[in-house]
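Okay, so chain A shows up in both of these, paired with chain B first and chain C after.
Let's look at the complex of A and B:
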């Protein structure tokens, strides 16, 4: 008796893996969002009552120079064709050349974004490190002097104009006390020494082992970062307080206390654990706001970041720079959203 | 943005109040290094064929030599030989032959030759970028430069399309666009047919007192002294220009000794720092004029009496002595003081009664006009003052504040009733202003002569155009100057332009900085003469 040789069962196409569906969905969503963002920004740029050619050639140029630049910018093409060309260039990683300084926009962004990233990251760290404990303490000690103090600190952070605080900070800590560096990212004697690897001077100087330069860079960033951190702290502490108050009035907290758990365990082990997801949203939003660039802080501290870059570009009708900056900011928001989603899953099993 | 500036000014004031008068100067820049705080966000290119904004022109003056140039120690003397050792003008006045100075070298070590001069001037015309009109007005075109700009041995010959005044041609060659570039270096970096333009935007190939080390937009511009400079190595081995946009920040840096010169202090900060030990205020008359212009397509504004009346409704002295104090001086003529042919006659004062008489003669009542103003603090304040004084004669002035580009767009499209703004000379010759304020050969809409201020205001100059044409070909310099004086006298009375003020630039400097020359009304800053 012969038996038929065993043949492997025919591979059956199973259901598409969930991770694949999620990834494709996320990527599609990112692509559609970015396309929409570019579309809106592009057409707003074109209907703005600013002549981009004039912005480049200035008011003294001859008509032939004007016409030459008009054609170079492709403005003689229909709007939709201009947009199609732009999208095609962006897809290939070409954001065009800034009409303000004749450099590739991507190079400009690679220079200004790390400056903002460095500042915003330190700022949000300051905000989180001080904001969360302050918010928790304020909720736990509701109605006491600690709560009042925290609220005053928060209120000042909300209501004080940042330019005024910045100027005062510079005057006191740089002008009078000399504790920190002045406007700019680095003292003039240290410029151009450290190789530019990440564009973030703190990181680059540490990587190069240039500790003196690191110290100088830190002395320059500490004041603007603290200032941004203060505003971030005001927001985070108020939100933390609000979330904590809601949790502390919940029945499970009363049960925990009745069971004899220490106050520390009740507050940090139970109540705080339950606000982590909400806090992630607050911190992500705060970080995203800082990453957009704080124009006033950048002006006062002569900090060449993305906020002042986009503002200057917008006022000068440098639309390549505006579009490039908008794409970067859009990507920042999307990345932070994705990162927040991932953290939700870590802290809240239900989100899985 | 205006509100931002206003807020910052307020913050600066508050800071100044808190600071009192003195901060400890804890640092000091080295003796051979000059550190300047300036707004350098206007720099778009450092190629002399394209460089046309203030901070860029400052750098250009120090990087590139020209055939003729201005001596910072004696700007009133006018142009003097530089790359050209001497020149001769043909009898018919259309050909100028320059003899090139021996022994000059570029920063690369290459000699400066007649071929480099020809290449530099031709490429300006061929590239046809913004400042090219300064040369093309002499009839040079991309098609004819091979014949009109030529070299032979160590001489360079240029042939113009009319017998222009030699002073006119040489003044234009002394402007930034006349900078001589190193042909070999530039062409080694050319891409396609760009004649090295893309590379020269951010690099230098000159023979001047300094070479460019780096330009980082909105951050810094660094220059290195040329030890082989033909007038001797500059005392300042390195010049660092840092972009600091905010006046109060510039002031703090200066008081702390971290910079030597603060170039953009507002009047409040100048007043606050004036008496501080170790700091001086350097005042210098520059070429920019503040004016307003009336669109002659407006039925009422086109009446001569109304134009005249509005010139009597300006509180010149009040503004000069208050919010413009130290920054502007009354000047009612289109040629800035120190220019050839400049006059200092300022006949108009605030005279409401006279203005009312003129308006009555014109039969104008309840006039309402719109003025376009860009969002700059002092211009808005001037517009508000005009609003006040115009109202005293029953004229309603509606102020429209917008960005520079928006306001300029409407001005060039002849859409504004009235424009309030500044004008600075493009090159150091009277033709630069005469040729725009008082020159308009075709006033039709189709002419689209948007570069001419007279056209923008739809003003048929009533014979001044021909007088301007005559002045540019007058070779007797004294006679030429007299022609401009006459043109300005007529212009003051008949034009729709009310020139009000000439700018004074106030820089705050550490008191060890010597020989600072910002360039007056004719040129830009000269770093090579500065000592500490």
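Let's look at the complex of A and C:
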């Protein structure tokens, strides 16, 4: 909404460049969506039955202390003013102080976020590496066993509670077979050795040249990452399949075949090239979904990421932390959506 | 064309009546259309399996007090953590000695209760928002769809978590939280349908006859949106079950003594390495039911909404 006043004067001068209109439109919609996001979290913070003043001063504070904190928090202002303050705080990166450990929420989130990022990134890699070939194969060999396999993978992925599958994975691969490391990011003997640079254990230990720690970290992350990867694989392979089916029925594919190109060249050189842009969109979306999927996964695997952070805060009624985490995840979600949208516009000439 | 080959009497008579090319009444035409849909649906084996599982679940939930061998709440600490196959406890007992099978059977009621409520609230809210936006157009449309986009931009589970945090834990609040996050896709669908219907001739005819917007929306647009919404609801049911189980697992849905399946898994988590069955059995139940909903939804989509194939 804030960018809207720019348009009319330019419109009078003559036809405005199409890219300008789309950019303004996109920026407006981003601004409105983010404003909406903040409004929702603000609203949730308001309807909450927990008294934020009591959480700070405690039950036995005197009435004057209570009133003072009440005013300090700005709760005597009209709602709209409070909302404005809230936006201003969030813009400055101030999510308030956690009532649980009295540290700024943003600091806490910055500390836990890399762990989630590491997990989700590895999950997406797993999903892409297995999902795309599976989707292509099931489209090319439609109706054969591999197509049925892809269908089963998808159905199971859409029907399985992720936290339960995680527990079963731990039971089988850690408890019974002992193939992988257990919950957490590192074995107990390896903790605190590697200096914390990026917050991502795999990267940090590789940077420090601690290969044994890297191996241990990998044995811990492989199970949760494959679990998340499985769910994004189900989605990616299904979308790949339907995109490929659409391309394979096009006439240029027939032409390519008539020309005598090998099946490999037809599928990967022609049809697959045309779905790359759509696939990037799908991958960005599934990346965003993994952030969400990681909430339950992190709890099962005692992974100290943003999902664990939000849930712990939730059970302790630490509302600043919950809303801060929600805003951050929401922002990342929106950014990924916009990013995939932009990629689509840049790379697909038809979208212009 | 009206004379079909004779099929004999009794059942054949009904089939002829249902498959007739020239229905004699509106009722017959409707029945015939439904019968054709059923025939299509019946040929889809997987969808029939899904339907069978769900009918079974319904029966179990309805007859729970008679089917369950024990009271799901009665503790028997002398018999705690018995493995499956123990005489009298086919699926074993949990950490308080309660019979897992009985808890599972009673838990089916909670699952169905949550799913039914969400499946009622979310599509209705979406239908209302979507049709009003689509029919009114203009700034009403812009505002309503902006709100929808904002809700779509949120990760669903995280939003539900935040809502439950604000409202407090419990089944009803879980239902509200899941519904609040589930309605936007329905609004999108309903709006898209409304936009195509709005400009059709018969709507103009109804309007010329003096029908107001409310009548047009409720009597002439809603009925046409229903079938695509039903497909979407069935496909969403699995997601609803998983979300409810997730909230239950986190301790934010049904509260402890309640035999909700997600909460049962959370309880079994402490013993997962020594007594795997306590968490495994309710997980399998959740998986079976959501799989059944997915199978049924796929089948229904083929029958009711043949245009949208894979991917939707």
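In this section, the second predicted complex is superposed on the first by the 259 of 352 C-alpha atoms of A that agree within 3 Å, B and C clash if a C-alpha of one lies under 4 Å from a C-alpha of the other, contacts with A are read in each partner's own complex, and residues count from 1 in each chain.
The definition used in the following text is that contacts are C-beta pairs under 8 Å (C-beta built on N, C-alpha and C of every residue); 3 or more make two chains touch, one makes a residue touch a chain.
None of the values given here were measured: they were computed from a predicted structure.
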Touching partner for A:37 - first (chain B), second (chain C), both, neither: second
Scan A:208 for contacts with chain B and chain C and give back first, second, both or neither. neither
Output check: A:73 vs chain B and chain C. Expected answer is one of first, second, both, neither. What do you get? neither
Considering only touches as defined above, state whether A:155 meets chain B (first), chain C (second), both or neither. second
Using the superposition on chain A described above, determine whether A:170 touches chain B (first), chain C (second), both, or neither. both
Kindly classify A:63 by the partners it touches after superposition: chain B alone (first), chain C alone (second), both, or neither? first
Could you tell me if A:309 is touching chain B, chain C, both of them or neither one (first, second, both, neither)? first
So in the superposed three-chain picture, is A:299 touching just chain B, just chain C, both, or none of them (first/second/both/neither)? both
Applying the touch criterion given at the start, work out whether A:238 contacts chain B, chain C, both or neither, answering first, second, both or neither. second
Residues of chain A that sit at the chain B interface in one complex and at the chain C interface in the other, please. 49, 161, 163-164, 167-168, 170-171, 175, 295-296, 299-300, 311, 315, 317
What residues of chain B sit close enough to touch chain A in their complex? 1, 4, 7-8, 10-12, 14-15, 18-19, 23-24, 26, 29, 35, 41, 43-45, 52-53, 128-133, 136, 198, 201-202, 214, 216-220, 222, 240, 242-246, 248-249, 252-253, 255-256, 258, 402-406, 408-409, 412, 426, 448-451
Complex contact set, residues of chain C against chain A: 146-147, 149-151, 153-159, 161-168, 238-239, 242, 245-246, 249-252, 262, 265, 269, 272-273, 276, 279-280, 283, 286-287, 290-291, 293-295, 309-311
Quick one: in the complex, what on chain A touches chain C? 29, 32-33, 36-37, 39-41, 44-45, 47-49, 155-156, 158-165, 167-168, 170-171, 175, 238-239, 241-242, 245, 288-289, 291-292, 295-296, 299-300, 310-311, 314-315, 317, 319, 322-323, 325-326, 329-330, 333-334, 337
Sites on chain A touched by chain B in the complex: 49-51, 54-66, 68, 98-103, 108, 111-112, 161, 163-164, 166-168, 170-171, 174-176, 178, 182-184, 187-188, 191-192, 295-296, 299-302, 304, 308-309, 311-312, 315-317
